[in-house]
């Protein structure tokens, strides 16, 4: 309905293969970016930054990583939380143990360390598939949980087991208030999303998808499963690790291993499945859904309780949240197993073909 | 015909393959000459697909060796085979369902990609140049196979006949010197078969590609192939030019026995 | 030596319980391709039901300290689990036929959340005790052979016994009865099974009922040992490496895998623990399974996958 | 002033081309969708390739005044070849690419073609089929090398070879082209187009540079076209309409022509290019509308409601808004809403968002169809013209659109109506002659220099020309009343269910009709009613379909009552033919006009049955299938009587 594509013909492959080949989409994305970078910092209050926007940005980044592995390369992982933890603790150790380490470098080194560990934990994927692999990745989860809980070196021998960072700044820019934290994370996410998109539309992305869709055929045309799978593990872990570092440094500031438990792994997997496997856009949708849903329920349930005259205790609300959350997930999987991204793309297709139905 | 059938380019020597005691191929030898169209025929379960799988290393034979352009391989693997210029299509279409036609064909260019992951992530320099250059190559294949109207359609949405064509396209995108076709015309209607025949002949003719082909339709096989090898229960029962094979009593009895 | 045997036997007894829970996983996976992450929540839910009914029923009926109350509570908790199984099939599974493994796995996580939420709101979220009259005192065996004898926990012993009996019964059930055969047919080929008239939906209800029953028994045993609380649902995650080790589709694999993991866990805790720090049983089983997988990707008894192209 | 001098010199197409290369050398002249993207040629690029082609031809021994046949789909190089030939003072002769070999033979022999440029292997094969009968053929060039590797005949060349040769030649004789272009004159023949001719052999219409440039300039000024227009060139190059719009007008203004990738992708290519200037015969517009309606049937109820509501708003006020006529404020608001929700998106999916001017010609267009496009804001207009007049006689001026007229005489054109009702035209755009047919030329152009169009028409009060029929087809019924078969047939064809109609009545006591149903529209209608059918013949014989057609014809009868002298032409009896009329069976011309005489002769039995009062008639017909096989179609055709209306009611009113 909003699309006017006549006259948008492509005279070069470069134009045809750009990320947003349709002009209207390009304008929309520019609009969204301007809104996110300029309007949001002016309009939004601190609570929203802290409770929704910053978690959303960081978890989107992590979900991007999970989506690269699960959605694009077809390797199920239940250890994403562990990789976030590795990223966070690695960045922490680089940050405190090396004098004058710049924040950006610490965060990225956190990501790199995670990528290396990710390759290691990806090795089983060369032998095992599907759900077997899922369980194998749980091994990573439980192992790292234990490592950061029990080996004091990683937590700088902190007596409480919790670590903290403070006084964050990048080239003189203090990252100490919600707006600066938000902008910092948004910058990360924008760049990483662009990198992810580029990879998925290049040779490496096609290798991942080929392995996902039909591994035997992929081998026959000369794709090495070893490289394709391990590179997916590496890139995915890099993203997740960086997200973990941001989560620890920027969002939490002080944290303990429980922040990256198996529940976090499940949560990330939820995001990509509900958002849409194999879709960059889906990672954002999924993250938004999972971040906002509990908060929305938390706000709505007491209101519903008041309206119906049923007294709901705080515990009651948290139980109801669990039920509704679980129920919605099941409902979603039944109604749209390909995720919100699929809804989005069919919607877009409909808009392009409007008023025709197909 | 101007194409010259050349020397032996692929030679299989006494290949035997079994799965947990079940013999799929027994002591099979045959050769393929450069630029020829070589057909493998035989009743269902004769081991034809296994033969192709041995040639490009999906299956590892227990005995025997493969000589490819004078190089001896006791064990082939798919990557080595692809590197050596062998590509193939699949009996039950093994396209990448989550991608569109262009991307499926682009995967065929994989071995020719030189840029690294970092360059690709930034869509920069060599990565971008390569991507565009390979797209141009892929478009040539699209043009060749006359599938322009579906180039951006996800392959899962295509009808069967077109999927088969895209499968061939992916193999062609590799610019192979040897092309293995596993029942390229199975399940097609007459018109689609004619098209596919034309494409196979054109590939052989224009690019000089050596073709090893499994096909059920005897009329097609006799029509387009230079030499035919006949398998039955994993054993070779005939080998030669189409007319000779047609006259071979073993072949006749195997075929009559199988189809009547 | 005696200490080693003690540990070994302890491991075997704990492993028997793992086998039981693993059996629940395997049955569901075989019959419907669902990797049931809700197994842990089911254990918690069943234990909660048992614990609370065991409190409530005597209070309602005025039976004090009678085994009758406990038995009634067990029966009712079992019935509740059957209802859960029926609801799961009705509301979830039948709508997700032919979906991918990851989607189904996520759905069971959703079910797990619902079960935890419902369990907590209906039965409460405190720590409860289950007392089914299990003897707590230790016994000493083979005092003649080893100095000081072997110390065996009687409670563990009885639990293992119960688990073993149940495992045996289930195995018999699936090898010998018509339903069992139908189930195996379904596991081999959904469509073929359906085409010869095996009602898929009913099979699913049955396996989920069995899984519910397994969860109840496991819940009661673990509950009486550790108390009924939220962490019970994570204990069941410990059974996951068992299925991986044994092969997702193999019943004997689940049993033997359970024993191996049980023993491995205990031995590692005792012998490796002091060296590298405590609490390693959390991940040890997983690493064991992982290393194992590298050599036999299909598990101990799983079928080898041959790629056909 | 030198500028005036140079603009005066822009009187042949080669000079126009060189001028474009000079003043807008880097602007896109041609695009072709090929290998997935729109490959571009700038005017400079075109000029260079034309130079190479022309020099190549010269090297090959091409002589001034020779005819070069060009056969193929619309491809840039095909258009370039035309100019290249013109540069050397030759005459390009485009042929219909779907013509069978035997049809091509006559033209190739008649025009003594020595040089032939074809698109691909398919066309080469056709020519090779005729090789024996073409002793004069010297060189055959092809554009697409696919499948041509094994054609070893020495006279067959890749056009790239020709261009290579040309480039070499150009290096040795750099002045040749300039000299040749300078030698050209505006009154030279610039193109020869064969008219399909409803009777007799085709005739080569020779049109000069001057004629086409005048026609093109007239149209360009009339519609204020600029160099920024984009047009999609997909109609046969042998058709005068394509030559005027895609070649002559582009050459005059310097706008861009765009060639689609293949026949299957035309709709998609149209969407991508989004032409600003669009030309199509009515049948294309008709098919598009049918598609729109069929696709909307699948839409959800709410969307359908919305669609139909806004379409009714558009019918009420859309055409008026387009013509800047006064419209109530509320209708303007509703139309704006409709434009957002329906018309705009609809134009987008049809590829017409950017269309400023669209023309249709070649056959009458139904008022409903015409109104539909205008009401959604597409400035669709009709023009009237013939091959002999460069498709340029009358145009509808903006804001003065009448659905049943073809507009006013175009700038520079004189139109008058002869006593017998025939339309006569005079002007610079007239043909020079029929090739080697002075007799036919003399017959067509009268002593005063008027060309006799052969169409019957009349001017209305505001000076708009209204076409009734072919002059020679206008006959008389037995009672002396006027009988204009095409007029009636067109009325019938305006119904979506009627594909073709042939009516008979000249010198007979009543009018009867053959009908071809539209298999798409009727098939869809039948499916929605659960009527099963196996094919055209079966569907055509269904009583339900007969009922459907009967209703339509009776509606036409009711309309005819109001058409004055034509009131007696109401249709009394009809039948639905068992096969579709087909150019391959010679029943239609290549432009899909009915060959009335041939049809009457072929189906004489059926006419006898219609007038003999029979209820049914058996018939067996030989048909040619697409692959060249012969077959037979037989059926027992039902004949139905129709309701006719007296003129009494009208008199009473």
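We just call them A, B, C and D in the order they show up, numbering each chain from 1.
Following the convention adopted for this analysis, a residue touches a chain if its C-beta (ideal position, glycine included) is under 8 Å from a C-beta of that chain, and two chains touch if they have at least 3 such contacts.
Quick caveat: nothing in here was measured; it's all calculated off a predicted structure.
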{"item": "Chain located farthest away, centre of chain D as origin (C-alpha)", "value": "C"}
{"item": "Selected interface, A-D versus B-D, where C-beta contact pairs are more numerous", "value": "A-D"}
{"item": "Chain B and chain C, separation of their C-alpha mean positions in angstrom", "value": "49"}
{"item": "Approximate Å spacing (C-alpha centroids) for the pair chain A, chain D", "value": "57"}
{"item": "For chain C paired with chain D, centre-to-centre distance based on mean C-alpha positions, whole Å", "value": "78"}
{"item": "Where chain D touches two or more other chains at once, by residue number", "value": "36-37"}
{"item": "Residues within chain A bordering two or more other chains", "value": "12-13, 16, 216-217, 220"}
{"item": "Multi-chain contact sites of chain B, meaning residues that touch two or more partners", "value": "58, 90, 94, 135-136"}
{"item": "Touch list for chain B against partner chain D, complex", "value": "1-2, 102, 135-136, 139-140, 142-144, 146, 148-149, 151, 202, 205-206"}
{"item": "Contact footprint of chain D on chain A as seen in their complex", "value": "1, 3-13, 15-16, 352-358"}
{"item": "Chain A partner contacts - residues on chain C that touch it in the complex", "value": "35, 91-92, 95-96, 99-103, 105-107, 109-118, 120-121, 125, 234, 237, 240-241, 243-244, 248, 277-280, 282-283, 286-287, 289-290, 293-294, 297-299, 307, 309"}
{"item": "Footprint of chain B on chain A - complex, ascending", "value": "12-14, 16-17, 195, 198-199, 201-207, 209-210, 212-214, 216-224, 231, 235, 278"}
{"item": "Interface residues, chain B side, partner chain A - complex", "value": "56, 58, 78-79, 81-83, 87-88, 90, 94-99, 103, 106-111, 113, 115, 117, 120-123, 127-128, 130-132, 135-136, 170-171, 174"}
